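I've put the structures underneath this note.
Okay, so chain A shows up in both of these, paired with chain B first and chain C after.
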Partner chain A sequence: MAQPADLLTGMPAGTAPPAAPPRPVWLYVRRWLALNSEALRAVLIGAVALGLFLLAWHLLTTYRVVFFVRFTNVPSPAAVYESLTRAMHDSKFMMHVLLSCRRILIGFSLAALVAVPLGLLMGRFKLIHETLFPITEILRPIPAIAWVPMAIMLWPTNEQSIVFITFLGSFFPILVNTLHGMSLVDPVLVRASQCLGAREVSIFREVYFPASLPHIFTGLTVGMGVAWVSLIAAEMISGQYGIGYFTWEAYSLVQYSDIALGMICIGVLGLGSSTLIRGLGRLVMPWNRT
Partner chain B sequence: MSDIKQTRGHVEVRDFGLSYPTLDGPMPAVTNASIHINPGEFVSIVGPSGCGKSTLLNAVAGFLKPTVGSVTVDGEAVDGPSAERGMVFQQYSLFPWKTVKGNVEFGMKMKHLDKASRDRAARTLLGITGLTAFENKYPDSLSGGMKQRVGIVRALATGPKVLLCDEPFGALDAQTRVIMQQILTNMWQRLKISVLFVTHDIDEAIFLSDRVYCMTARPGAIKAEIAIPLERPRQQSMMMSSEFLALRRGLMSLIREESLKAMGGEISDLALEGLSIDMHGQSFADVV
Partner chain C sequence: MGRMSKYRVLSAAAVASAALAAAPAASAQTTVTIGIGTQDTTTNTATTGTIIRQLHLLEKYLPTDGKYATIKFELEWQNFTSGPPVTNGMMANKLQFGMMGDYPLVVNGFTFDNNPESKSRLIAVSAYSLDGSGNGLVVHKDSPYYELSDLKGKLVSVPFGSAAHGMMLKAMQDRKWPADYFQLVSQSPEVGSTNLQEKKIDGHADFVPFAELLPFRGYARKIFDGVETNLPTWHGVVARTDFAEKYPEVVVAYLKAVIAANAWLREDPKRAAEKIQDWTGINKEVVYIFLGPGGNMTTDPTIKPQLIEAAATDVKVLQNLGRMKEFDPNKWVDDRYLRKAYAELHMDYDAALKSTKNYEIAGEDKFCKRPIGDPRKAGEVWVEGEAIAPFSSAACTLGAYADSKAKGKKINVAYVFDTARGIKLFADQAYFVAGGNNELSPFLLKKDAEAYATQVSGKVLSFDDALKSVVSGG
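Then we have the complex of A and B:
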């Protein structure tokens, strides 16, 4: 009599080690659903709300509602979608997007590379903190956009001043959060490391740095948000390229659907970059389950 | 190797005093304390709350400098913390960003031991304490008893001369505490190191120690030194023996006196003795 073949190995069932009794798939599906019901609920509600938002937008624009605000000139979702399909084949639009991304990448990376080490050093060494803290506190409340004229004077090219604005926007959130993280490091953990033979450099690397990492990542997330805000503003004021410039140009050229396209594009890019940072944070801090 | 170990870990605290600077001038926390730990000895310090037990222990660890007197280990003055003196903390104080094994390997990493021997030592120690299944877990997912086992193993992994414990089992429930005491005794006997153990649990001090120092209320001084001649290995059942109970009574009365002093001395002993309130479901205000 032929033995039924094992599903996984393809070998006759008799030769395989005794397998666990087969569990019906639906049981796993049900458990998975039960374990993830909260997340599923959120996704479902979010999707429905998004749909309603699109529907409202569609109705408001097709009927050109005027009720305090005027929807007469606001493009409809369909018009924006049309703009999008056109833009996807337009190398100029892609260049705007890529240039903005490049500015973010450079400005934000520089800010992180300067602000994180600086925050760690300020948190660890009193003298550095006492020296630099008053300066950073005065510069911090100045919005990056207010730096535009100064940036234009400081930097020889437009490109550099826009990157500089982006850098400034993300610099202070990252610095402040790193400092905050450093101030919350549990001194008992530092003592524990000293009792295990850790010296200055090791304490810094093995205790202060990982202990502040959750706050550093909060700073990076906030900093990324502010970087986009600053970049778009700078591009609108002094740019020649970039998604912020694209949006402003669309207004000047009376291409209303491109305005909405630019805005949505900025939103998606901002969301994408903060998701990237959050994912990176989860990768770097597997112990941190928040 | 074990011969060398037995001659290590001689702690000598002589005429020790430590004051904390405050607005009202230096506030003495510990005065005139002299204690010693012979190599391989298990010594406890008991005393009322705030009498300076942690202060004394932290001075031995090297975190605090004595205002007067001296702290030496094997004849060398203590100057700052070092891996020679391992420490176990009440709050566990594991590195949350390291796995159980990562925590245990930390001290060996600081000693620049190679990965293979670190790995071997960590696994052995975790095996002895029954933590093998948890070696890749993060501390957050462990129970208090497990965390403290990791804390002890981590401190022992560097091969310290002395193990310092500041109420390490204070946050654990009674059953877990008993198991932890046995694990600690077991490790101590295997490794033959000196232990200085701070606790306010008298039973714990007697059960674990070769000698117990009893401190006075603040500013703490050494009030008495009691040898615990109970044989080893010690069993849970010994806690019912008349010998144990006699030691317990003795230490109790010493501590009680100081605890009352530490609370301000206003509560008279007599008043407490007659105090036996049967509430019968009423609130305290009704009874009084």
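Then we have the complex of A and C:
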């Protein structure tokens, strides 16, 4: 986000800062507001919507509303908040969150490192595409939870099995989107660069990669989301730590408010990580403001 | 777990009305769905779930007269691999009956305390073991662990919130071990078994039937049995009170079906074990070690005070873990329906309540040619395609085993009883002490066998050596 201060210091060099009369604070504030009105609006509407969601949740559970959907035993926001405060006093809870973040980070990074180059190669070379596409299409729809027994047997340690399942979650969305990006690269650009004498490596670097980058980032955002989706399945293996495990354990002891806390936690962490990737996307592709 | 199978069965009432071919009557009928949550793989719930479903026993007893004349019952059976999902389904009113182990049961009752629509009540017991057999701890068969203390500091998994978890906590409490004596982690049976097979964990404690099933499947060895905790373990049935109060006759009908299932099981335990294998996928030899004569579980629907006392102990354990607040198991028991079912079948509830006897091995030992004296010193050999034959002692059992083997017969399994604890064992997993007079004393634990061997100045033999000794010594 552009800070107003940056713009203000970008004044002509001739005007010496000490000589300038001190600007009143409200001017800075007004300027900042004017520059960020779009973003503020979005934040404000988002906050109101979230507030309404919480209020609806509160009312539905307090009055135990039943209209086909039954809120009789769904925990209320207050109950979940109580769980949260209890969890915050427990050092174990932070451990759950941190370990899950680490697992997601490793699984996701590995998936990006493998899926993006693979997608580029599959998009460029027909033979690779024809060889690998059927395999990936078969593996892609398999849900994370079905992988649990295989993951345990495949990898020497459980930590690796867990990372493997989050890896699988991210891998396919990234691959599919990269392939899609490659299929949309304008052939005229490729031919033009070939005419100008570009070699394969340069074409990849200068044409294919930048052109499919927006789709790659879409893939990364979706992949990050799916990595969190597969977390509970992955951490069923762990038996000890992780926010997915926390949720699973709450289920096996039938503690509904802890289950809701785990769900919300995964949601918020997922939102945070997707935002990070979008931010990274803006940095890498300044030309592509979306 | 999400694995779930549904069986929709029309009730006897519906069949009867269809037989009348009375089309107009159908319009006046209301349909009531009865949801029953079972645990097919948890063998000791067979008499309250699997058997009733497969033999259509409930349909036989469902009321059809009076206010039920216009009601058409539809049974919806749902199968789960552990108790908590059953509680979840009951809370959501998708299930009106549910069966599970002692810990999940207590959690079920407690969870329903906050439900404004309905409470849950314990209406019957599926099966129990007063000394706590059924739960157990297994290690990989190639591992160097032979007793619980060998696992100090090692990674042990157990499904948290299960009866097996309770056994572990009790065992640690009895030995005054600190909470971090093991690295205790939570794994469901599915995950834990695979992990044990792959040697990712050092030990796995689990409920029925896994402590017998995993050794039977050939990659695990049981080194701790729940009997050592001496805390009863049991499975039972809970029902929603809103349903039970509205349709009390249905609850009674269900309990009559439970009694009928018990009778069917004891009438021919071998047939029952084979059928249960077909229905649930649990090996018949494993089913039989639990539900057969002298088995490690006693099936009996009566709600015994000892079991409710044990439930109170479970509550304390859960409270110490911060998992539960106030809960009184005594107020949660409701035996009115069960008493009514017994009375209507002209059976004596109070007599059954007092008795804690299992049915035992009996008959004539055809190998040593004498009748069975002490059934807990006896043994059985199951030859493929033949009846399960009883033998009067461990030595006779092994003798008959060797004899059948020499005749080229395929032997499914042989059972003997632990000399010290009286629990039924797979003979090929036991340790034998050879004393004087060609006596053989089987033991589950190596340390028990060694202690006994010093006492009688005998020696400890593996199953194979014990077999050889009977052949050469006999």
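Definition applied: the second predicted complex is superposed on the first by the 219 of 290 C-alpha atoms of A that agree within 3 Å, B and C clash if a C-alpha of one lies under 4 Å from a C-alpha of the other, contacts with A are read in each partner's own complex, and residues count from 1 in each chain.
Everything below uses one rule, namely that a residue touches a chain if its C-beta (ideal position, glycine included) is under 8 Å from a C-beta of that chain, and two chains touch if they have at least 3 such contacts.
The model shown is predicted, which means the values in this text are computed figures rather than measured ones.
Using the contact criterion defined above for the overlaid structures, shared-chain residue A:E249 touches chain C, although it does not reach chain B.
Within the superposed three-chain model, A:R30 lies out of touch with both chain B and chain C [touch as defined at top]. Of the two partner chains, chain C is the only one touched by A:R64; chain B is not. Of the two partner chains, chain C is the only one that A:N73 touches; chain B does not reach it.
Residue contacts after overlaying the shared chain place A:R282 against neither chain B nor chain C. Using the contact criterion defined above for the overlaid structures, shared-chain residue A:D186 touches chain B, although it does not reach chain C.
By the touch criterion defined above, A:R140 lies against neither chain B nor chain C after alignment on the C-alpha atoms of chain A.
For chain A in complex with chain C, the touching residues are 64, 70, 72-73, 145, 148-149, 152-153, 157-158, 236-240, 245, 249, 251-255. On chain A, the positions that touch chain B within their shared complex are 186, 188-189, 191-199, 202, 206-207, 210-211, 213, 285-289.
The touching residues of chain B, counted against chain A in their complex, run 61, 63, 80-83, 85-87, 89, 91, 93-98, 106-107, 110-111, 138, 140, 154-155, 158, 164. Of all residues in chain C, those touching chain A in their complex are 2, 82, 84, 87-88, 91-93, 107-108, 111, 114-117, 157, 159-162, 183, 185-188, 190-191, 194-195, 197-198, 200, 323.
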